[in-house]
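Structures for review follow.
One chain, chain A, appears in both complexes that follow, with chain B as partner in the first and chain C in the second.
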Partner chain A sequence: MQELIAKQSKSGATKSYSTIATILSVLAMGLGQLYNRQFMKGIILLAVHAITLYTVIFKLPHAVWGLTTLGETQTQLKKVGRLYQQVMGDHSVFLMIEGLVTIFAVILLLWIYVLNIKDSYRTGKLREQGGVPNTFRQTVSFVLSYRFPYLILALPLAGVFFFTIMPIVFMILIAFTDYTSKNMPPAHLLNWTGFDAFRDVFQLKGWSTTFYKVTLWTFLWAILATLTGYFGGFGAALLVQQKRIRFKSFWRTLFILPYAIPMFVSMLILQNMFNGQFGPVNQYLELMGFDRIPWLSDPTWAKVTLVIANFWVAFPVSMLMIIGIMSTIPKDMYEAADIDGASSFQKTRLITFPSVMYSMAPLIIMSFVGNMNNFNVIFLLTNGNPINSDLQFAGDTDILITWLYKLSMGYGQYNYASVIGIIIFIILSVFAIWNVRRTKTFKEDTSS
Partner chain B sequence: MKKKLGAVLLSTLMMFTLAACGGNASTNSANPTSNTGGTPANTAEPAANEELKPEPGAELRFWTFTTDLKPFTDYALKEFEQKYNIKVTVEDVGYWDSIGRLSTDGPAGVGADVFGLQTPDVANAAQSGLILPNDYFEEETKSINKPDTIAAATHDGILYGYPWNVYTFSLYYNKDLVKDAKLETWDDIIAFSKKFNDVKNNKYGFLYEPKTSAFDVAFMTGYGGYIFGNNETDVNDIGINNEGSVKGLKFIQSLREIMPLALADATNNLKEGLWGQGKLAINMDGSWAIGEHSKQPFPVGVLPMPKLPGGENAMPLAGSTGYYVSSYTKYPNAAKIFANFITTKEMQIKNNELTGALPAANITGTEQGIRNDELTQGFLKQIASSHRFPGLFETQYVWPALDAAVAEVWNGGDPKAALDKAADKLKSNIANQK
Partner chain C sequence: MSRKLRGSVWLSISYVLLAVIGVFSVYPALWVVMSSFRTGNSLFSETLFPTAFTLEHYANLFNKYDFALWYTNTLKIALTTTVIGTVLTLLPGYAFSIFRFTGRKTMMSTLMVLGLFPGFMSMIAIFILLNLLNLLNTHLAVILVYTAGAPLFFLFAKSYFDTIPKSLVEAARIDGAGHLSIFFRIVMPLSTPLIVYTALSIFAGSFTDFLFAKLVLRTPETKTLAVGLFDMISARQATDFTSFAAGCVLIAVPITFLFILLQRLLTEGLTAGAEKG
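Presenting the complex of A and B:
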């Protein structure tokens, strides 16, 4: 066998294995590999070819039909004798998902097809240069020893695909349909409506004012919540870590307590604490001779209350992180500063702050992103209220994500909710990408 | 080259998983079709008088409240199992969560066969094709229940539900605090509250939750206001800004005098807290809480809704709950039999006895088995003179609009302007839905 191959490779030096193998591979996956005497691989690829043909011929037309029309037969109630029967028609949502799966599968198969052609061309080239193609066992052992991570990653990758990519694509598609609780499968068929929902959100009177107001507050909220949380934590860390402070661990434990209570419990408690009439906060204020503050009933105060409440649950985490970072700053820097006669403010400003910022910057951006989507605090504390009669399905303190929740879960406006979802997605991915690309910590990581 | 081999293998692997998943998805989606495709054989068009037979091997999943209703469900399920030998599993899903759960669980085959809905959700469920009509037991259901509850369970002329309960709200009062004060009209209540209120110590004569506008409607109806025309069935006739409604909202504004609270602060749980501590004399709350209020440490009575100044009696909204058969059910016959079984007149009365809920059936207060306490009897009277809860699909747009109007007026806004704005918003939301 080896002799034969050796002979062939010698005598066939002029023979264009690569061209023939490529042509064969173009005709059908695996043929080129068979020609290159990689039999096992060729058979597997032939099987893949059969699957591809089956998918393209039998599944793809239905998928394309489903995706373009979203179904044609409506579900109906028919009266048979005395009883009604539900005659199920097409289910637009399932047609959409099925169509997506099929089209993704076809794309994947086409990719394999391209790889298959490249592979047979290269193996052919190798033979022309007198090399010996890998046997199947060699290929397998090569893959197992050098490409093992890919094999292991294949399963989570499939998971990511089905549980991350597919839902996102599906959600994006919903924004272009008329999916509302008035028009819901299985009883109704969905229709493609193009950019109607987007146009409404940006232009229609009620919707656009709501959208701009909510977006503005979302950004303002995210900035305020992040800054207060971060600088609150910084301040607490500085206080706790001061040399002359005694019982350091006691203070740390005390400060971390708010974080130890589940957030939804603390928010519900805070809601009662801040009640304008019955809440203890106002009662103390009154005892001290101040006026009652409409914590939750006045739009501006409600926003202030949210920031305060968020500060209370957010600063312990950044305090802990900052303490951790501060312990890594070399002590001799402070000693040197002491010798130079620096004040403690100067030491904080010129040593502690830059060192902490260096490590914290990506985290701050991430917590900004997190705060933009900080559903819990807003939903549990004010639920978007106080109500504002100028806004569409939203209150004064609703941020985009709680508005989205109200639209979809409360009022069944799935397509509008989906538009908002896409907008949130775009905003957040811009920040996430910027974060990964721009901050120093990640830059160092990529160079290694 | 070898790198690419790895990629090929990897993608083959992925493709097999894909193919497997794809296969799953398509069988899943085929399920509902094949289910109902299969039902004609199962139901096999029983002739008019033929008995509806449960499918052999039927097992039912039933969604309702498993805590509040436990005494009743325990009783009813035992009876049902004895009679039909069909196993029923109960899951704790509230009436208002049913639709959301079913639209995802139904197609997956893990949804309920029978579940509860309240008036405002029926239209939504029927329109989404989630429920099967009540066909076989139609006449029986219609003959035993109140017309309003039948109307609530009907959509587009087809009866879907098996009505079970009715609910409304009225004024509970703490007999120890009210003593023998005269409380026949709202003027009396205002006068009483003025004397009784001690805001510094959080003592109040009368409280309700004005930010939930379904409560506020009661004051609008007394002057001739309504939500939708033609007894809450005509979407094109919006009554929330008619003269009566405006007058009603003006009256609500005047209540601020005895309820000096910000809207956001007058929450239900704080009101209940004061009530429980004996610091609230008159508490506007629903018949759904009869069971709870009959356990208070002080004597509690129920006042019918009093006369509004210069108008008729305030009429609270009254809705009904009922049970519905899922259109995804594999055992439609068994499910229909079960839904009918737990909503018969006897069962409704039994439920009143065990949990305190008011039956949807056409009964008089002296019916055998009905609780004879003051709360039940008071609410049975109140139900008779209440305003029908709108069960139209468009009702969902009413509350945000009306909530906003009440909020504005509570803070001193002009009732007419606020309600006009609310009506405009409601109209445009109704027009916008496709």
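Presenting the complex of A and C:
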């Protein structure tokens, strides 16, 4: 300890490069680096500093104004000379997005600023200890070899940032405004309305009954769709993989067909097959002497049809996965069971099922989450119909995600749609985080 | 003896069940293929197999509709998306699997959660963003959005790369191989099933997406197959069911064929992901 203090005071006494470099870098990015004789780096950082100053002075005030007020001048008719003309006012949505981009840019620049200070401090320290700072070429090669993961992540992350994160933040903001088709920019200005839309969804009579009904069906649907898909796939896998079954790959190929056909094609096909009047399903029922079934026009039957249709596309995937997992179960377990005289049913129940279940559990959770958002099946098959006049902008088979779609794309209720979006996001995040925590991938990481 | 008998009874039942599932799986596809050869244009038919075969509906697709144009547009978008999207999925998968760095776990969980977020929930925002960039009604916009979403599905690639023995990479590093040459000359050749699986699912995804394409591509010249076909059947006066069926066949056949051809690789890829569970 004493040694350390002695060393520090000694280096402090010789030359305090680090202090001077830090102070210079606080004053302006790059100055510390120039002082440390890293000229190229210094010049680049100075340029960044100029950009930062420009952004903070000229862009930031406008961004903050735009985000807080969402614009002040309404688009209106103004008398220009003798004629009235449409004069464009502020565009609330553009102001919002521009404001967001500016604020993100400022955060990024501030982060570079902090890194710049840290860097010049560190280089200064290195010089105090008698080291020679990296040349620009050395810096570049350091980044290439030791910061390689960041380099290869930069492009993908930038894409995710601009096309996923930014839009999500924007959507969250929309939930707190009065953005509807009746109140659309640029003709009107938006206002911040706080939690009004949330309150409506949970408490206003028409909205809340719709919300609870749709949510209930969303969960019921996800449970049914997941269970039927999983057990269907399991059954098919067991059947195909029996020892004495011949032409295994022929059967597998046959069963994979529904999975291989593009979803929007197969769902439109099924929609026609289940057509109440002309569809072949009802034709066959009639031929067999049964009554026609209102597959798509009766609320309950429509739900049944959805589950059947989803089963049809979902079982092949779980079958493939379960076959894969079954092939990894050690053969000697079955041999031991044979010696003990176990029946094939016992082997399935006591060996196959638990092993498959163990590996499938996280995938089942993910497929549950996937089904909660299974937009395609519902949109293409029933489009949420039959229509229910008790519900706000929703039909009987709408799940949250298709309701959201109808609200925004169909009826222009953007703020309510965003509220639903936030709710879906919260539900999903709970499942996702739970699942991530219990997967091996992350457990391995914590131990390493 | 009785056990043996029971065995063969069960075997027969199994075959019957397999056949039933087979019919269940194939029937809708078969029905559409048959409809596409049927004369007339209605959904309704007395029999599954048409009494008179015709190729008229296939010709119709190219004469009455812009099917060839839709096909070219779709292939252009899907192929470009596949190449860029595969790279953008493999890169984060590789980075997260092989390297340990600050912020790694945060980034991974963030991407995972974002991946669950249904893409079109932020569609309005993306629409406005594209408008600002002056990209509306261009194929570039669709490609941009598809590829930008690809990294969210990195987890599968990561799980796969995790199965590649670390010692292999380390040995190469000791021999002085750079990051890029390790990636291209050691890791890539070992990852064929992963690459095929990733490329195939991105291709299939962009080939068949219609929601986003419908939102962005607004003129007839830019339409894709999915949009074109969807409009064909959902238009109010859509009565041309048999042409629609022919279109379905022409879209589904290449994709289905790809899947069946690559079935083995697919199973390997899927299970490699599953084992990690």
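Just so it is clear, the second predicted complex is superposed on the first by the 392 of 448 C-alpha atoms of A that agree within 3 Å, B and C clash if a C-alpha of one lies under 4 Å from a C-alpha of the other, contacts with A are read in each partner's own complex, and residues count from 1 in each chain.
The definition used in the following text is that contacts are C-beta pairs under 8 Å (C-beta built on N, C-alpha and C of every residue); 3 or more make two chains touch, one makes a residue touch a chain.
For clarity, every value in this text was computed on a predicted model and none was experimentally measured.
By the document's definition of touching, both partners, chain B and chain C, reach A:97.
Applying the stated contact rule after C-alpha superposition, one finds that A:223 touches neither chain B nor chain C. Looking at the shared chain after the overlay, A:275 reaches both chain B and chain C. In the superposed model, A:430 lies in contact with neither chain B nor chain C.
Once the two complexes are overlaid on the shared chain, A:142 sits against chain B while remaining clear of chain C. When the two complexes are overlaid on their common chain A, residue A:361 makes contact with chain C while staying clear of chain B.
In the superposition on chain A, A:110 contacts neither chain B nor chain C.
Using the contact criterion defined above for the overlaid structures, shared-chain residue A:155 touches chain B and also reaches chain C. By the touch criterion stated above, A:50 is placed in contact with neither chain B nor chain C. In the superposition on chain A, the residues of chain A contacting both chain B and chain C are 94, 97, 150, 153, 155, 157, 162, 272, 275, 278-279, 409. Of all the residues in chain A, the ones that touch chain C in their complex are 93-94, 97, 144-145, 148-150, 152-153, 155-157, 159-160, 162-168, 170-171, 174, 236, 239-240, 242, 244-245, 249, 251-266, 268-270, 272-273, 275, 278-280, 283, 312, 316-317, 320-321, 323-325, 327-328, 359-363, 369, 373, 375, 379, 401, 404-405, 408-409, 414, 421, 424-425, 428-429, 431-433, 436, 439-442, 445, 448. Residues of chain C that touch chain A in their complex: 7, 11, 14-15, 17-18, 21-22, 24-26, 28-29, 31-32, 42-45, 48, 88-89, 91-92, 94-96, 98-101, 104-105, 107, 109, 111-114, 116-126, 128-129, 132, 144-145, 147-152, 154-155, 158-159, 162, 178-179, 204, 207-208, 210-211, 215, 226, 229-230, 233, 241, 244, 248, 251-252, 255-256, 258-260, 263, 266-268, 270-271, 274-277.
Listing the residues of chain B that touch chain A in their complex gives 1-15, 17-19, 21-22, 25-26, 28-29, 32-33, 35-37, 39-40, 43, 45-48, 100, 103, 107, 124, 127-130, 132-133, 135-136, 158, 199, 202, 211, 261-267, 270, 273-274, 327, 393, 396-397, 400-401, 403-405, 407-408, 418, 421-422, 425, 428, 432-434. Chain A contributes residues 41, 44-45, 48, 51, 59, 75, 77, 79-88, 91, 94-95, 97-98, 101-102, 104-105, 108-109, 111-112, 115-116, 118-119, 122-123, 126, 134, 139, 142-143, 146-147, 150-151, 153-155, 157-158, 161-162, 178, 180-188, 193, 200, 206, 272, 275-279, 294, 296-298, 302, 382, 385-389, 392-393, 409, 411-412 to its touches with chain B in the complex.
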